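What follows is a structure written as structure tokens; I'll ask about it next.
Order of writing sets the chain letters: A, B, C and D. Residues in each chain are counted from 1.
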Amino acid sequence: MVSNDGTARAVAERFRLGEGPTRVFGIALDDIGPGRATTSMILGADALNGFGAAHGGILFTLADTAFAYACNSRDVTTVAQSGTIAFLSPGRAGERIVADASEIALAGRSGTYQVVISGEDGRVIATFQGVSRATGGTVLNQVQG
Amino acid sequence: MVSNDGTARAVAERFRLGEGPTRVFGIALDDIGPGRATTSMILGADALNGFGAAHGGILFTLADTAFAYACNSRDVTTVAQSGTIAFLSPGRAGERIVADASEIALAGRSGTYQVVISGEDGRVIATFQGVSRATGGTVLNQVQG
Amino acid sequence: MVSNDGTARAVAERFRLGEGPTRVFGIALDDIGPGRATTSMILGADALNGFGAAHGGILFTLADTAFAYACNSRDVTTVAQSGTIAFLSPGRAGERIVADASEIALAGRSGTYQVVISGEDGRVIATFQGVSRATGGTVLNQVQG
Amino acid sequence: MVSNDGTARAVAERFRLGEGPTRVFGIALDDIGPGRATTSMILGADALNGFGAAHGGILFTLADTAFAYACNSRDVTTVAQSGTIAFLSPGRAGERIVADASEIALAGRSGTYQVVISGEDGRVIATFQGVSRATGGTVLNQVQG
């Protein structure tokens, strides 16, 4: 629905104003809707590890950013409780990578989300599962604009 | 042992030359030895999320960096296969946070590591468990200096 | 494809001969194919915890069993390296629960799988992410019949 | 302290009355105290997988049982939210295995726990990290004796 997508986008845009990693790594918000979000970035030198591949922490950061948009997309303030990431294929210097977050399930205040990070050739670089917890309140009223 | 600590330090220093997040976030290497490493950083604006607290991805990055040093500390090239982080307390803007990584166990090519991230007042901010896999070769010969 | 489903079923049936938990908890194999499997069980007294709800370990066992069938479904011997489970809703005494395992991605010897456990009313009880590693060989030749 | 250990033991013993897996797999409670617990079992045929080694789900069950005793050891009713297990070495048929659970940290209602499962020869079979959440109330008043 347009109106739900509108809420999800408004929350994500509000978050983005304060997010350091979004600014530092140029994380784009490619798509957003209720329970889902897509983010992307180019793997510049700042995002690489000592082997010259994508740093695991920056892959997690891209996934976690998509997860945060997805789990706050209905404007109920929600925080990450835990996240697990599995690394399947190295991300290459200069490559554009995309993280697709989708809601698996909600139950009471808790939720679980899956995020898949893919490379330019479509191979899967990493998969992520996050657990969220709603804390009450709304993002659009809480976070300073 | 001094010589093992020396190897561990040499590997970590070699990694640090190429690590983007170490440069961007000013991640310090405070201690290093066989199977263990301690990293720290100050939570500047670049490390915050949309709520004004430490971004989960940057907490993961600090932990993952300590994990990488610990699991490569014997100069056997080793990569992360997966990592799980649980968030217990928000990291505050301007706070110095410390990640202590220690080896739980090694078995064949696999290993598991625990990392605890603490704040200035000693409270635990996050706990991390990582799974590593040795790929063969040595870091000091492989990574470009 | 019928022939791929046939291989997947043959591997699962071979496993089932030796699986203690399948026998103890009456775990059914409801569906199987390349990269996917569905298992189910009824939550009898043997599967409950001290609160009278489904024991987390038995929920993990049901998910892990589906995961094992899914990741061995092409008859390449594959073992679990790690698994993460998030508990969303208690499983109730006497309830029939179902675990649906599906492949997220394969890369070289590694793979990741998602399993969702649902209750009779369709609510999600738990979600699981597993990481697998192929060790070589084939199940149909290795496991004793 | 003797009195704290006494509370921890009383909670664990109350749980054990209702635990199916404890009965089915003969899980022993070897040690218990505030924030810690040790459980053990012998890997009989009921605990094996299709490869003839310890079933991952039963390893998780042993760890999760120790985790439950540890996180309820102060008689504040607490449930598992999530758990991650990494498998390092197969558990062998007939072997006695031991799970040592210890508290990493508590923060508000949340806590994290580490469990290490070892074999008879001291090798580590699996390592586990669990996240708990206190729900309020006390076990000794809530769980039916």
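Keep this in mind: contacts are C-beta pairs under 8 Å (C-beta built on N, C-alpha and C of every residue); 3 or more make two chains touch, one makes a residue touch a chain.
Worth saying up front: this structure is predicted, and the values here are computed from it rather than measured.
A.B. asks: Would you mind telling me which chain pair, A-D or C-D, is linked by more contacting C-beta pairs?
C.D. replies: When the contacts at A-D and C-D are counted, C-D has more.
A.B. asks: Based on the averaged CA atom positions, which chain is farthest from subunit D?
C.D. replies: Of all chains, A has its centre farthest from that of subunit D.
A.B. asks: From the C-alpha centre of subunit B to that of subunit D, how far is it in Å?
C.D. replies: Each chain reduced to its C-alpha mean, subunit B and subunit D end up 28 Å apart.
A.B. asks: Find the geometric centre of each of subunit C and subunit D from their Cα atoms only, then give the gap between the two centres in Å, rounded to an integer.
C.D. replies: 22
A.B. asks: From the mean C-alpha coordinate of subunit A to that of subunit D, what's the distance rounded to whole Å?
C.D. replies: Taking the mean C-alpha position of each chain, the two centres sit 33 Å apart.
A.B. asks: Note the residues in subunit D that touch 2 or more other chains, in rising order.
C.D. replies: Residues 81-82, 84, 86, 110, 131.
A.B. asks: Using the touch rule from the top, collect the residues of subunit B that touch subunit A in their complex.
C.D. replies: My answer: residues 14-21, 23-24, 44-52, 55-58, 60-65, 68, 79-87, 139, 142-144.
A.B. asks: Which part of subunit C faces subunit A closely enough to touch in the complex?
C.D. replies: Per the touch definition, subunit C meets subunit A at residues 82, 84, 86, 88-89, 104-108, 110-112, 114, 116, 123-124, 127, 129, 131.
A.B. asks: Which residues of subunit A touch subunit D in the complex?
C.D. replies: Spelled out, the residues of subunit A in touch with subunit D are 81-82, 84, 110, 131.
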